[in-house]
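Chain IDs A, B and C follow the sequence of writing; residue 1 opens each chain.
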Amino acid sequence: MSDVALLADASPHRSSARGGRLARRLLHDPEFWIGAVIVAFFVLITVWPSSIAGIFGHGDPRECDLRFSRLGPDANAGHPFGYTIQGCDLYASVVYGAANSITVGAVVTAGTAIIAIALGLFAGYFGGWVDTVLSRISEIMVSVPLLLGAVLVLNSIETRSVWAVSLVLIAFSWPTAMRVMRTSTISVRARSFVTASLSLGLPTWRILVSHVVPNTIGPVLVLATLQVGAVISTEATLTYLGIGLQAPALSWGLQLSQAEPYFSSAPHLLYFPAGALTLAVAGFVLLGESVRKSGFHSSNAA
Amino acid sequence: MSPFPLSSGHSRREFRRALTAGAVVGALILSGCAAAAQPSVDDGSNSDAILRVGIQKPTSLIPGNSSGLFANTVVDALFDGLVDFDPQTGEPRNLVAASIESDDQATWRIEIEEGWTFHNGEPVNAESFARAWNAAADPDNAWVQGDQFSNIVGYDEVAPAEGEPTAEVMSGVVVDGSMTLTVTLKRPNSQFPYLLGRPYYAPIPEAALEDLESFATKPIGNGPYMMTEPWTGGDEIRTATYPDYAGGDVLNGGVTFRVYTGNDVAYTDYQAGEVDIATLNSADVPEANAAYPELVRRATKDDWRNYLSLPTYLDGFDDPDIRRALSMAIDRQTIIDSLLNGEAHVATDYDIPVSVGYRDDACGENCTYDPEAARALWDAAGGIDGALAITSVTGTGREVWAEAIANQWAEAFDVEVTVEQVASENTWSGILGKQVQTPVALGAPSNYPSPLDTLGPSYSSNGSVNGSFYNNPEFDGLLEEAAAAPGLDQQLELYAQAKDLLIDDTVSILLWTYASTFVVSERASSWIPNTFNRGDFTDVTITD
Amino acid sequence: MHPIANRLIQAAVVFFGTSLLVFLAVFALPGDPLGSLAGDADLTDTVRKNLEERYHLDQPVLVQYGLYVWGLLQGDLGTTVTGEDVANIFANAWPITVQLALTAWIIELVAGIALGATAALRPGGIFDRIATSVTIVTLAVPTFVLAFFAQQVLGLQLGLFPVAGASAGWPVAFVLPAACIAALGIGPIARLTRTSVLQTINADFVRTARSRGITPQRLYVRHVMRNALVPVVTYLGLDLGALMGGAVLVEGIFNLPGVGRALFTAVNTQQGSVVVGIVTAGVFVVLVANVLVDLLHRILDPRISHV
């Protein structure tokens, strides 16, 4: 939700850094390392949850016994986070819950970037009515606040999968990045190497792919890395509101919304998923921040 | 956030009225409980103080157009009907009526008591009731309770299912003299006096029809409380005590209904001291028990039931053995102990314990957990292909136990079971329109303590909430016979036979019953829940 | 065409485009707009038919939209199927949300600028690092988690704030929910302020001013801050959408009877006229805010060309 602000800060007018210096700067940034380690950890448990889930106990989030409902953490019994409402191992549930959040984060970010790059490129490069139409559409989409739009659409979908939630988030998130792409494309189009290629008679698609895109996608990619965290947070929010993923899906948002009524009697139900969610979002934000600070975008676009 | 009923202490109002009016019926029983509630003179109570009651948004404040517990609660506070219900026995007792008589359960002669007035000074007479009922039946008004009057002679001429109306008023509602009303029913119904206590049978004044729009936002009733300002959907509905109320003394200065998005939010606000009476979701009960042991209030008997409606029109669900297998695979007691604080009881009959004639042992092995037998039944009947799902209603908290049932089914039958959600507002249109094609986790309160309250709407072939699409002429016949039977014993015997049919067919899956639970503030701690007169707060003394 | 006229026409196109989009989205919602009326029962066919006629639900969606816009042009926002006047719902709900959003704006503005401006005094210093951490934490904790903890701990356990409802009035009832919404904005504003303060300090005109011997305090406030605020103002305009999203969440948790809560209820109950009204009004506010941001820009930074 905050990508607009981050974008304002990522506009291409900052001090430039060339490739090697860029990498060196990143590698010397503790924020980058902290973020990278956290992100790597969550990617690992997304791809291979059983590696981590089974450390303490049976590691199966579906092996439940109602009689243990909401019991607190008991490390000796192999349940360091305690039990869920349904009497399952909360630790395993939190570990397996990562997959949905990370998948939505990745799919939405990739989808948004692809759509934004394609549409921004067309609008910026061809101008005229293509630009007018695409810009108006993006303005319409951007004026519907993300959460309101998502409530409207998701409410009408009966069975909401990770993909459905992702699609809706993409539909309402692309305009910001598309406008960034459009702006940088306009500035690049007027540059000498593009006009030179045009006069050489190169086909449009080659100019776009080999000259325009490499020089314009920097800011969009920075925006994308900054966006992952916000997307994960938004998915949890939608699920919490009852319009995201549905039980028995394993999802932090779902775990949080179910835990809320039991806050005073079983606070562990809320602390652990909230902690995991916050940590994951923080990891992606740190990573995105360090990439932004390194001046990656300007090295390409400037 | 389930729509639990709000109820209130009652009795003194009826007691006073009975004494002043010289009515005899029930006075002996009533004097017993009224004496207990008699306040001492200097108990520090403040008769001008306002009681704050937590509800959720009412659908409408017009009696004939209101539905759901919250609307009923407010309407009940603003309007008094011909009868209300004895808080102990649940029997209907005369309130605005002086007498209600019938020889054949079909023609009812109702005498109305003198002295009642609406908040605008208009007298309450026979015409006030006829006006209200005809207005509700009038299809032009499109009030949602219109069809509640369909058993009255002449309804079909006023609101024909097809074609244009041929009459303005129902011929079965006749005003004989200003205080006498004769109602003729199409089919005899011994439970008619119970129906007269439902909010949509309340009277409305002439002024209502003159300006329906302002009546909708600021109804003019004849009840103990009158609106002090129009309500247009805001977060408070404010009322003050009606000084000329004919139903007895009101011990407080008014009721402000505070509109919350859910019981959980209301409970949070209760903890902050902002509301006096709040209904609890079961998840909040353990904490309330610990934090406010003196202030938790329960209905004296279970007045709610939870059950699963079944899409019996689908393959698999059309087989009673499959339905029985699903029922026997549910470990109700463990769910009650683990998820419902042990405060519910395994359901054993197809109505609600507050109803007359509820049986403690009727359901038998159909409602008893036996996963092996369930699996054997399931396999023998061929099971159900593909994944199963249970639909829960958003904001009710039922998804928690729905998920537990889903896990138990998954384990017993080795199938995948998911939990889906339907918005509370779309629940019934979704079920009855067959858009929701799964078992649905439902809850239902008792509105009046007759088995008909549950059996008629839920299981008769033309029932308004027949979510399992049960259609059994034998069952319908038994209900009609029971309604026409003169004595209570005969009625209960016929109702029992009807319920046995439901058990044999496992029409819906019985789960458990429970008593609604509330918290009350220190200042209003004299309040006790009253299952059937939800909007009666006249007895609550407030200490400030 | 005059650029301002052009801009207004564009805004009008966007406005009607959005309202049509929302109208279609609402129409696509499954379920039954009349279903909520009967509560725990179902409506009879006659009642249903009459209600459908009354609210034009029997017409094709484009006709419904046409009728809606026609009413809108005559100043009629329509009624809900419970007979409630949409204008009334607005009149009740908007003041709550406006107070909430303004409070959130003030909080994020004051906290964000203070944090960013202080951090910029010594880049890389201890305060700068603290400010960065705060920024990341505020971005990482989802609003609903924050709101819930704030309500439980600050409201209930410490009793510092009312926990639900707007009856305590402004500012008491609004501070906590507004702070939860604002948390998400504090980080970006702090960072924007920090970056632009640093950029401005190094700009030519500041160097010139400094060489002319203007006192550091005066320089900071008069020249640096004024210029550094340009991107912050832009952000505040663009942030309105996020504020409204936050309002949906926070109004539910804190039981504030504002637009967000009304919208959520209306979506669930298929009250198309309310949903369309609220969302288009929200869009209208966003569009107006963006025009105002443009104007403010010109005042704060005369260098911006008038395109």
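FYI, a residue touches a chain if its C-beta (ideal position, glycine included) is under 8 Å from a C-beta of that chain, and two chains touch if they have at least 3 such contacts.
Owing to the predicted nature of the structure, the values given are computational and were not obtained by experimental measurement.
Set side by side, the interfaces A-B and A-C show unequal numbers of C-beta pairs in contact, with more at A-C. Comparing the centres of all chains, each the average of its CA atoms, the largest separation from chain B belongs to A.
We define each chain's centre as the mean of its Cα atoms; on that basis chain B and chain C are separated by 40 Å. Between the CA-based centres of chain A and chain B the separation comes to 47 Å, rounded to the whole angstrom. Centre-to-centre spacing of chain A and chain C amounts to 22 Å, using the average Cα coordinate of each chain.
Across the assembly, chain C contributes residues 30, 252, 268 that each touch 2 or more other chains. Within chain A, contacts with two or more other chains are made by residues 155, 158, 260, 264.
Touching of two or more other chains is recorded for residues 394, 423 of chain B. Per the touch definition, chain A reaches chain C in the complex via residues 1-2, 4-6, 8-9, 31, 136-137, 139-140, 142-148, 151-153, 155-156, 158, 229-230, 233, 236-237, 240-241, 256, 260, 263-264, 270, 274, 277-279, 281-282, 285-286, 289. Listing the residues of chain B that touch chain C in their complex gives 3, 57, 59-60, 67-69, 71, 139-140, 142-144, 146-147, 150, 159-161, 213, 216, 232-236, 258-261, 265-266, 268-269, 271-272, 274, 394, 423-430, 432-433, 435, 444, 457, 464-465.
The touching residues of chain C, counted against chain B in their complex, run 30-32, 34-47, 49-51, 54, 82-85, 88-89, 92, 151, 155-156, 159, 162-167, 252-253, 255, 257, 261, 265, 268-270. Within the complex formed with chain B, the chain A residues making contact are 64, 66-67, 69, 85-87, 155, 158-159, 242, 246-248, 258, 260-262, 264-265.
By the touch criterion given at the top, residues 264, 281, 283-284, 286-287, 331, 334-335, 337-339, 394-395, 397, 399-400, 403-404, 406-407, 417-421, 423 of chain B touch chain A in their complex.
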